[in-house]
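Listed after this line are the structures, all set down as structure tokens.
Look at the two complexes coming up: subunit A is in both, with subunit B in one and subunit C in the other.
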Partner chain A sequence: MVLRWRAAAIVALGALTVLGSGPAGSASEAETSAVMGPGPLVQRRLSPEQYRQIISDVFGPFITFGGRFEPDVREGGLLAIGSGKVGITAKGMEEYDGMARNIAGQVVSEKNRGTLIPCTPADAKTADNACATKFLGQAGRLLFRRPLTDGELRAQVRVANDAATLSKNFYTGLGVSLAVMLEAPQFLFHMQTSEPDPSSKGQYRLDAYSKASQLSFFLWNSSPDDELLTAAEKGELSTQKGLTRQVDRLLTSPRLEGGVRAFFVDMLGYDTFINLSKDAQIYPNFTAPVTRDAQEQTLLTILDVVLQQRGDYRDVFTTRRTFLTPVLGSIYGVKLPKTSPNSVADPWRAYEYAEGDPRSGILTHASFVALHSHPGRSSPTLRGKALRQFVLCQRVPDPPGNVDFTVIQDTNNPNFKTARERVTAHMTTPACAGCHKLMDPMGLSLENFDGGGGFRKIENGANIDTSGELDGKKFTDSVGLGRAVHDNPSAASCLVNRVSTYALGRTVTRGEAAWVSDLQKTFATVGYRIPDLLRKVALSDELYRVSAP
Partner chain B sequence: MSITNGFAQHRFGRRNVLRGMLGGGAVTVGLPLLDRFLNSNGTAFADGKALPACFGTWLWGLGCDPGHWEPKVAGTKYEFGTQMAALQPFRDDTNLFIGLKVYLDSHAAAPHNAGWIGCTTGSPAPPSFASIDTIVADTIGTRTRFKSLEVACDGTKTSVSRKGATANASENSPAALYARVFGPEFKDPNAAEFTPDIGDIMRKSSLSAITEQRQELMKKLGAADRAGVDQYFTSIRELEKQLEIMLERPAPLEACAIPAKGDEAPPGYIIDDATTNNKLFARILAHALACGQTNVINVLFSEPLSNLRRAGSSMTYHMYTHEEAIDTSVGYQIEADRFRRQCFAALADLLGTLKGFKEGPGTLLDRMLIVGFTDVGYAKTHGVDNMPMLTFGKAGGRLKTGYAIDAKGDTVARVGLTVQQALGVRTSTWGTESNTTGRPFAELMNA
Partner chain C sequence: MASTWVSKFGLGLTATGVAFVGLNPSSASAESRSWAVSSLTQAVYSEEGDCPSIAIDQDAFARKQLTAQGRSLKEIDMLMDGVNADGTKDGNGYGGGHGTGKVHYMLIDRARKDGKPVNVYQYPSYIADPQVPTVTGKHAYGFNLDGKGAASPNSFEDPDTHEKGINNQYFRAMGCLENHRGSMKVKQTYWNYVWDAVRYAMPAWIITVNAADLSKDGDATVTVERALDHVEQDANSGTRTNFTFRIDPDKRFQKNVYPAKIKNGVVETTVAGPFRMNADPYVITEWKMQQTHLRLTMKADGTLDGVLGGYMPWYNIYYAYAHTGESGEMSFGIDMPGVYYNLRKHADANPDPKTGQNRDISVAFRVEGVPAFVEHPVQAKAGNKKISQAAPARSPTTVASRD
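Now for the complex of A and B:
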């Protein structure tokens, strides 16, 4: 739906419902609102990726961004929920202002105006009401995700005309007005509005345009395209047939991949990659390209399982098939000759580890074992905690205050050669044991992978014991851990919880718990296939029902 | 091409701008402050108004070792404990508080959070977050280009500055801060000529298209939804004010000069790099203050739970505080102590930089009030008793300095209340629950 009238060539979840399946002592991470009916309207701030995607969709992928986004906030396990709680600070507004002017400048530039502006002013040295109205009306519909009201359009055109008069340049005026649009709350927030539900007296639902946005941000991580907005305009989204047609269209679009990718980036906490750094002396191979490729490896692996193969979601924890680049190969000990020139990144290559190889499933990827380690050493505790938090939707309590850690002091003690020996000290100390038993036994099975993601059998001269346990299921190594996670009911229920709250942009209410429970059953029935789950969610009334204003 | 950059090529004379505005009919601009000049000794504007008091925060992670930072005696003429020895040259610019604590009441002792949150909000779990810098900035930061500037020396974007759900993210690169403050939009207050930028005039005028919608939009939102959008509109207002200020002729400032760019270290957790960037940040922030660009700064030497480390080491500062054995010959953890001393050396760098800016008979540090605080009293146990806190600078003569005060178990909120009252915030109490206090350190206040 690129805003391009002349050259169409340019493209355009908590264990709340882990209901009893969590281990004793682990807290349910997502909260359930006490509300018995549907939840409230949510005004969510665009995520950086959504902002970029919308600009790319509307104006083209060649637009560059010169600024930084406000940090996101994770709530209920997801940034998507946190986005409904945050505003924009003064510094953030400064950044949005700079980006808006930069983008608008590119759109109205001599280079791009011919393709991106649908009309030519009668005189480029002054205001042109008709052309400004046409451009701002069309761009505004895509940016605000609904047609502009008459008042909004008048105000935007007035800004364009005033600035054109002052600068004696129509395009400068248009750019000033477009920049304002890109700084408006209607663009920077998904602003939901509701209407009475004619089919249920006294009930409310999202209006057609809010429904279109709910759907497209859920499945595409971007704003509705022209066809979806047109369907909203014609009232088609209010009929089951019309809604189904659009949902199926979105699900079969190549853009679904972007939506699923965004979901997993959020669910797996990949926003923390921004602060990942490894000590260059201890892990010399862990370079910036490795950081970049590590998350991409896991995302490609997940997309391969759940979309390309339409497989069982739980297989992501056991699959030996993955995708590698030469730089990742240097971490994993897989020799992949570089085929591109030095300045060009090599293409991704599918790679399958041999049966029994410890590298099986995404928990053995650098995106997990390195991300959840210290800069200079591994951490069974951080890995176990991350597994509970990101994969099983369980919250491990914070360490208590006023605890003396003397018992585990002295890492140079010859008795504490391996991580297992060090964390065993935690697990035998009453004040620490309660929580560490929830984390360490799983993390220890990944000890064959050092803090930089490399493989090892020995630590400080001692053999590494990779035996572990997850909720009573014992295993001997990382392959066993992957299988245990695959078979753990919390893994599937966590995914459903995350998908449902991600789609809603808020935690579910008690009144919606039955819906989530039904989704859990459906997910099992359809063989844990994510596209089927997405379809079920997207066609649910619950996704569009809201409480009375 | 940026929209306003397009105008960089042809600057308009003031007369032309006013004529253009009249022609456009929709643009207004405040009159330049043509009459504002410094007096001859550089301590005040020509109208006798003193240069403004400024505020800052400086956070270091992981507290101190009890018994190794406190002076042996309170009062004046004291000596810092060994861990704070780097601050000794600044003793007479400093107030050191010992025996302060964060009262947790029924709240969980969230490790590495309850302490710094208590110091900045007067509560370990504030019902609505408003850090002290944002409260002070509402009083002294409303007529500067930037209401506040936040930096983090450890490569993160972490910040203690927050009002509502969203934190004011820190700048982690000195080069980025430099570009933000002293880039093309900087107006040198000492320049011989001043010409308002027509791009700024248009930007300011155009924002009315947004602000005019505020009432109608807010009406549509439920109470729970309003906070985020309300903050948005407040920020738009801040942007408008920033533009208003950029359209005014700034008053000349004696100590203002555009700093040279420095070579920054790669932003990250290596403490030597953090130290390098702290020095660069200190210089840029001092120039920003001296040039009237802001009156409020927030410096985070590291996150509260500090991941600072040394190149080639598998251990972080935080890990040392928990896992390193206490050396019984000295009574503290040797490696953790090294990190701590380096933190205070970095703080001394900042203080030295501010003190190096002469303004009349005094220095920039004299008109500042900086609060130094941390996340825990004793990192090894996550304790929030005996929280080390300090203030630096005389707040433009409103605060006495050079004292070590034993608070004997009082709440940390007393420091915050003292700071607010010294900087003109009209409040008589601060803090929540057991941290609520109406007792500033009155002995430090000048009449």
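Now for the complex of A and C:
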């Protein structure tokens, strides 16, 4: 067994390591490394959602959290890849420490110990080796995503016993030891280990437990459950039959929704919602509940298309069916009465826009048009850029530092009443025109939606022209844009690229390019159905092959 | 965009609630527009020289009451400073605001019944009329409620239209209190505060205007009704626009329908009628008016702005102030017995057949609204489903029309 302790070392040093992102200025994202064979092991830091989900899975949803997580880093279009390039700062470690003590305190509390601790000490005022061993062995297996080694378990029990002796309280000791585990790199990072591949001499693969984690984090965004760990323990994941059984079990579990949700949160860049703010004078209806609901609306819409209806992924760009709350209804100008008492959040309700309505597809949701706008005005450029970046996996260069944005920013200029007029004027600068042509023609078709997500037909008294163009395909409005994206081959290939790199936790190597190419073909063959794509990826040898240590 | 909130489905006014006698609102109505009341404040027009004097500060108010109780200046100083007879301080001096000191109780129990101190807010007539000054100016907003025009005694002139015979004795009675002064530009403080405090905690008031074509002059109806839902706050602490409200199916008080006419974007009721609405107890629990008039401007930005007027039981207004007790009296600088006496003196309608004392007073309130969707109870049963119940079946609802 080969262990990679890089992440642990980083933790110990309290250092932050952020490796550089890909080359800037290229027209398409370079997401393939030059390596010809499989890629390396990756040690990914748990995302905040994964941390919360694991604790909830292991100890229960009633556990509360304090503290703040360190910011994630986006690389190759995904936080899932960036998570393999970060460590933990000293401040971050303090936060993890606080969270660990808080969680451990709740687990061993008088209220919860009867449920969460599988044994009772002979004397609660002193150490109990047997009970501590039982609890720490069971919890450690789920937290470390593999059985603790004898040495690890002995060390954890010793900590528990020493603390119990000092405090004269068995449960206090157990809590201290549990907190230590929750601060360990084996918990805070997906620690991958490799082993020689018996079927291919000289090749390496993830060991059974790492394979279980790879699968579980990919499909459930959480650690393996007991059944998956048991399958790993029994060697079932090394057989095609055993692996298929587990993959199908994970894919048919309700927890798949959490995994797919996490993927799209990452792919669509929803981590940036935390920085979203709107000018309250201009968009008074855009409140914190709108920010929260806007993300959820789009996620529910996607989940409805790809999971509930098992539909064509590309339909998310054209579907008129969505889910709304009364607060979102006020943004969209949709009549949607509450069904709950006052001060109680309303349940989400299915809603379908009429045929021909401009609200068609997720690009017309507030989660796109408001997120990719300025605080006080819309932005065809930001929207076009986001479409290229998040949906089509294409990189648009950042603007040079000496750009004069005066014309663009002045929404009160009587000579340039609409955004189209302003960006057209701006594009007369040759240095700007090149890149803006990549973004603005798509973004302008969304100009019926203001920076707060509301609908409009007029800007500063002038009619809004929503004609646009995407990669040579022209259209007249947002509905046409949705169709153009739906039919654009880059939309489907981008999804496949993102899914494959999300699953691997790294960019694909040159040697894995053929695998991705095959996935692209498969995706088309299965009608662009995401569950089928996930199954194909999860059953691929490439997901578990690694380079020699 | 001007009218995402315009709905052109046929109205069902006669299906719910109590239609105004003689109306057939559905016959001519093809367009409907609704607003949630975002602000309701007393319509005031304060101008230079319209009051002999204005309010006094809290300390002076307290001293005045203590003096009226026959206390010496030295005794009042000691009470106000919380100084005991032996010179020590008890820390219970009058702080100019809320408190538990002796002075507060002396203010609360300053009425005298059978020679004994009693709560002045419950027994306002058991203390001499403090003679709170009243408005002597000639301008006020409101309506010609008694139909007498310029011949109406004590009536005002509308400052904008110069219509004479405006009946608004509530303004006369209260308009010299400092926090009751203002204009259409600067809202009167007391009502602005009160409405702001309760609007998120009480069912919304909904105003709906129906007409064949709201953009043209012609016949219309105005409906004021109560929703089940509260208004929602926007990012400016204002009222969220385009929110959907379910109309309260309780038919007892909640629907007030008036015939009206639209002229140049202003809709004005043509037949006065009764008005009954439940509000929050902090305002007026049960809002009743007679001879109700409304004049509402449907503004280009989609909002509504206008005046609601009529005759209102003056004791209900008094109680709206008095139930806040000493806290309200001190916070708002309102002499409660003064309010009682002024409202009683200026009441101008509905005389008690036994005593001759008028029981109602003419009032005018400025009413503002933001665009809203309205769902009547029958409609509310259909349509959207919880996501957990959502089936792949299509089209639970369709979008409102757009301009």
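As a working rule, the second predicted complex is superposed on the first by the 510 of 549 C-alpha atoms of A that agree within 3 Å, B and C clash if a C-alpha of one lies under 4 Å from a C-alpha of the other, contacts with A are read in each partner's own complex, and residues count from 1 in each chain.
Here is the rule we go by: a contact is a pair of C-beta atoms (placed from the backbone, for glycine too) under 8 Å apart; a residue touches a chain by one contact, two chains touch by 3 or more.
Note that the structure is predicted; figures quoted are calculated from it, not measured.
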Quick check for you: in the superposed arrangement, does A:170 touch first (subunit B), second (subunit C), both or neither?
neither
Pick one for A:156: touches subunit B only (first), subunit C only (second), both, or neither.
first
For A:374 in the superposed arrangement: first (subunit B), second (subunit C), both or neither?
first
Would you check which partner chain A:515 touches, where first means subunit B only, second means subunit C only, and both and neither mean what they say?
neither
Let me test your reading of the model: by the given contact rule, A:313 touches which partner, first (subunit B), second (subunit C), both or neither?
neither
On subunit A, which partner touches more residues: subunit B or subunit C?
B
Answer with first, second, both or neither: which of subunit B and subunit C does A:40 touch in the superposed model?
first
Scan A:286 for contacts with subunit B and subunit C and give back first, second, both or neither.
second
According to the stated criteria, A:89 is in contact with first (subunit B), second (subunit C), both, or neither; which is it?
first
Where on subunit A do subunit B and subunit C both make contact?
280-281
Note: in the complex, subunit B contacts subunit A through residues 1-7, 20-21, 23-27, 104, 108-111, 114, 147, 150, 155-157, 163-169, 180, 198, 201-203, 205-207, 209-210, 212-213, 217, 220-222, 224-225, 227-236, 238-239, 242, 268-269, 307, 309, 311-316, 319, 322-326, 380-384
Give every residue of subunit A touching subunit C within the complex, in rising order.
278, 280-281, 283-287, 300, 304, 308-309, 321, 323-324, 326-327, 329-331, 333-339, 342-343, 347-354, 357, 359, 454-458
Per the touch rule, the subunit C residues reaching subunit A in their complex are 1, 4-5, 7, 228-230, 232-236, 238, 240-246, 373, 375, 380, 384-388, 390-392, 394-400, 402-403
Quick check on the complex: what are the subunit A residues that touch subunit B?
40-43, 45, 66, 68, 70-71, 73, 84-94, 97-98, 101-102, 104-106, 109, 152, 155-156, 158-159, 162-163, 165-167, 172, 175-177, 179-180, 183-185, 188-189, 191, 193, 275, 277, 279-282, 374-377, 398-406, 408-411, 451, 549
